[in-house]
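As written, the chains take the letters A, B, C, D, E and F, and residue 1 is the first residue of each chain.
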Amino acid sequence: MSTLSHFDESGASRMVDVGPKAETHRVARASAVVRMLPATLALIRDKGVAKGDVLEVARLAGIMAAKKTADLIPLCHPLPLTSVKLDFSFPANDLLRIEAAVTVFGRTGVEMEALTAVSVAALTVYDMCKSADRAMTIEAVRLEEKDGGKSGHFVRDPV
Amino acid sequence: MSTLSHFDESGASRMVDVGPKAETHRVARASAVVRMLPATLALIRDKGVAKGDVLEVARLAGIMAAKKTADLIPLCHPLPLTSVKLDFSFPANDLLRIEAAVTVFGRTGVEMEALTAVSVAALTVYDMCKSADRAMTIEAVRLEEKDGGKSGHFVRDPV
Amino acid sequence: MSTLSHFDESGASRMVDVGPKAETHRVARASAVVRMLPATLALIRDKGVAKGDVLEVARLAGIMAAKKTADLIPLCHPLPLTSVKLDFSFPANDLLRIEAAVTVFGRTGVEMEALTAVSVAALTVYDMCKSADRAMTIEAVRLEEKDGGKSGHFVRDPV
Amino acid sequence: MSTLSHFDESGASRMVDVGPKAETHRVARASAVVRMLPATLALIRDKGVAKGDVLEVARLAGIMAAKKTADLIPLCHPLPLTSVKLDFSFPANDLLRIEAAVTVFGRTGVEMEALTAVSVAALTVYDMCKSADRAMTIEAVRLEEKDGGKSGHFVRDPV
Amino acid sequence: MSTLSHFDESGASRMVDVGPKAETHRVARASAVVRMLPATLALIRDKGVAKGDVLEVARLAGIMAAKKTADLIPLCHPLPLTSVKLDFSFPANDLLRIEAAVTVFGRTGVEMEALTAVSVAALTVYDMCKSADRAMTIEAVRLEEKDGGKSGHFVRDPV
Amino acid sequence: MSTLSHFDESGASRMVDVGPKAETHRVARASAVVRMLPATLALIRDKGVAKGDVLEVARLAGIMAAKKTADLIPLCHPLPLTSVKLDFSFPANDLLRIEAAVTVFGRTGVEMEALTAVSVAALTVYDMCKSADRAMTIEAVRLEEKDGGKSGHFVRDPV
C-alpha cells in the first residue's frame, strides 16, 4: 500500500490535480442505514400518524447536500453534477435504508457526493425524529458502486 | 408515542418556534466509528508513512461542518456555537472512533451540530484514504450525551 | 421623506449599527402569489396527478432560504431565527398564495427573512412546474405584518 | 399536460439527469417590477437626494444571487455561468423594472438563475428603501426569453 | 510567550470555548493598503473615466465577507454582527487605503471580521482593475484597534 | 489605459461574458507574506512548542477559500478548479511566505482564486497566533504568475 494521494511528497495536503484526467461520464452509488425503534419507523412509514413526510424532507436535504460536497470535504473538487437521486427502503421493522446515485460528466468521481447525500439525509431523519427516539443510530454509510474513471468499475461485495 | 414536532397539525414541515424557550448553556456529544483495513488505519496513525496528517484534516472539516449545520439540515435553527472540539481514538486495529463535543448558550440543543461534525469528519477520512481502501465504512453515528435543555440529561446506555 | 438609513452621510452603503437597539421578540409575515394555468395549479393540488408534492419542496426551500437571508441581501444583519413557517392557499383556480411567518429574539426585524422565504418558495414552484407552464408569474411579493420593533406594529391595508 | 419532470414515477423528487443532453450555449432573460411610492422612486433615481446608489447595491446582489441559484432552488443543477448582467428602467413614476440576462455553456438552461437574480435584486431594493416605504410590492417576476436548449426559443408574448 | 489558545494540550485544533466569557459590546478596526499605478488609482477615483464605481463594489464585497468570516476562518466563532462599515482614502497617488469597523454584542471579538472585510474589499479592487494593472499589490493588512473584551483596549502604535 | 472590463458602457457592473472564450488549461500563482515577531514565527515553525500545526490549518483554509472565490468576489465566474496547492517558506526570522498555485480547464483565469487562497491562509495564521502577537501584518499579497489565457504569460518582475 502506497501513500495517500491527498498529500504531496512533503506531507502537505492539497487538492489533487485532475487537470490531466479525461472528462468522462461517472456514476457513484452510496448507502446508509438508520436503526431506530420499530415505533419510530412506523411513524416514518405511516404519514397519517406522523402527520408529515419525514422522508421527503430527508431526500431534499440529501440532494442539496450533494451539491455542497466540495464546500464540506476540504480536498474535494467542485463538480457540475448532472443528476442526484435518493431512494428509501425498509429492510427490517427497525431499519431505514437510504441509497443515493449521483452522476457527473467530469474529471473526477462522485463517491464523496453520494456518501455526503446519504449521510445528510440520515442526519435529517435523525433531526426529524429525535424528539421521539434519541438513540437512533446511523449505521453502515458506505460506497456501493462507482464507475467511469480510470480505476475501473467498483461494486461492493455483498456481505 | 406522539407525532413529530417538526410538523404542524396539518403535516406541514416547519422550523419549530424556540422563541419561548429559555437561553441556557447546552452541551452535546456525538460519536462515529470508521471501519477500515488494518493497513489503512496504520497509514492514518503513522504520519511518517502516510506523509501527512489525515486526522487533522478531518478534525477541521468536522469543526467547520458543525458551523454549517443549519445550512445542511433543513429545519435546524442557526445557533452561535460557543465551542466545538473533536477527538480521535483507535478502539481496535481496524477501527477509528471520532467524538465531537459542541456547546452553545441558546434556546435549543446542539445534537445535530455534534452529529454533523462527526459525520463530516468521517466522510473526510474516507475521502483522504479512499484511494487506498474503497470499502471503508462509517458505522454507528450516534448521540452520546446531551444536557442543558428542558428535556434533561441524556446519556446513551453503554452497550 | 428623509434619506435612506443604509447610506451614511457621504453616500456609502453600510450595515446599519443595531448595537444600541434592544433585543426584543420580533415577528414578520410576508406573502407572494404565483399565477399559472389552471391545469398547472390542478397538477400542484392533486399530488396523485403530479406524482409528487411540489408544495412540500417549495416549503423547505423557503425555510432554508430564510436562513440564508443575510448571505443574499448585502446589508442585512445575520440573525438567530427562532421560527420559520410557510403556508399555501389557493385564492382562485389559477392562483397559488404563499405566506411566511418568521420570528426572532433580536435587535432588528425579520421582514427580509419573511420576504426571502416567500420569494424562494415561489421560485421553487416555478422550477418544479416550468416544464409544464413556462409563463407562470410571481406576483405581489409583499410584507403583510411586522411587529416587535421601535417602529411599532405594521399591518398592510386590505386592498 | 403530463406529469412534472422533477418527480420520478414513484413521486420522489430528484435532480433530473441532464447527462445525456448536449452542452450548448444557453441564454435566459427574466424581469421583475417593483411598485413603490413616487417619492421612493425619486429617491432611488436621484442619488443626490438618497445620498447613495440603491440600484448598484441591488445589481450586485442580483449578480451574486445568480451564482447561488443551485444552493437556493433544491433541484437546480450547479452551472458554471459565463455571464450575468442586470439592467434597470422606470416604466412609470412609481415603477422600477429589473431585467437580468444570464448565459452558460452547459447541459441545462439558466431560467432559474435569471429569475433568482431579478428576485434578489428586487428584495435588495426593498431592503434599502423599506425605512421609507414599507408597502413596496414586487410584482411580475417572470421569464422573458430563453434559448439554446432542445425545447427551442421561448419569448413571452407582449401583453 | 505561551502556547496558542487554538490548540489543546495534545496539539489538536479546536474552536476555543467562549461560553464562560461575558457578552459585551465589542469593536474592531482593521486596514489594508492597495498599491497600484497612479493611472489605475486615477481610474478608480474618477468614476467618469472608469465609467463605474469600483469602490462601491469593493465596499459591498467587504461587508458581505465580514458576514462569512466564520465560514472562511476554520476556528472562528459564528457571531451576530451588529454593524459593518468600510471607508476608503488615498494617502498617496498610488495608494488606496481601506478601513473597516465591525461591532458585535457577543462573547468574543471581531478582529477577524474586520480583517476579512478589508482583505476581500482589497481583492475585489484587484479583480475590478486587474485588466489594467496586473501588478497591483495588497499591502499592510492589519488590526488597527480592538476594544470590549477582557484583554483590554488595543490600539496599534503609529509607525 | 482604457476603461475597466467589469463595467459596461453605462457604468453598470456586470459579470463579463466569457462564453466566447476558448476553454484552455490555465494556471495562476499568488503569494503573501506575514510579518510577525520572531518569537511568533518560532512558535509556528516548532510544532513542539506551539503544540499544534498552525500552517496545516492555514493551508486547508486557503484551499477551501479558493473554492469560495466566486462567492466572495462579486463579479468572479464560478469555476471547476482542477487543483489547488499552498506552500510555506520562511524568508527571514520574522517573515512567513505563503504561495498558492491554482489550475483550471476553463474560459477564464484563476488569479482571483490564487490570491484568495493566500489571503485567507494568511488571515488564518493571524487568527491562530493573534493571542500571542496582535500586531502581525499581512504584506505583499500579489500575483506571481499567470498563464493559459489570451493575454499570454505574465510573470512578476523580481524586485
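Note that in this section a contact is a pair of C-beta atoms (placed from the backbone, for glycine too) under 8 Å apart; a residue touches a chain by one contact, two chains touch by 3 or more.
Predicted, not measured: the structure shown is a model, and the values here were computed from it.
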Both-way neighbours, i.e. chains that touch chain C and touch chain B: A, E
Chain labels contacting chain C and also chain D: A, E
Repeat of the B-C interface, chosen from A-F, D-E or C-D (over half of contact pairs identical by residue number): A-F
Chain C against chain A, contact positions shared by both copies (same if over half, else different): same
Reference chain E; chain at largest CA-centroid distance: A
Reference chain D; chain at largest CA-centroid distance: B
CA centroid of chain B to CA centroid of chain D, Å: 37
Centroid distance [mean C-alpha coordinates] between chain E and chain C, Å: 31
In chain C, residues with contacts to at least two other chains: 8, 12-13, 53, 56-57, 60, 64, 68, 71, 74-75, 78-80
Pairwise chain contacts under the document criterion: A-B, A-C, A-D, A-F, B-C, B-E, B-F, C-D, C-E, D-E, D-F, E-F
Of all residues in chain C, those that touch chain A in their complex: 53, 56-57, 60, 64
Chain D - residues contacting chain F, complex: 25, 56, 59-60, 63-64, 66-68, 78-87, 103-105
Contact footprint of chain E on chain C as seen in their complex: 8, 12-19, 70-71, 74-75, 77-80, 106-107
Residues of chain B defined as touching chain A within the complex: 1-13, 32, 39-40, 43, 47, 49-54, 57, 60-61, 64-65, 68, 71-76, 111-112, 115-116, 119-120, 122-124, 126-132, 134-143, 146, 154, 156-157
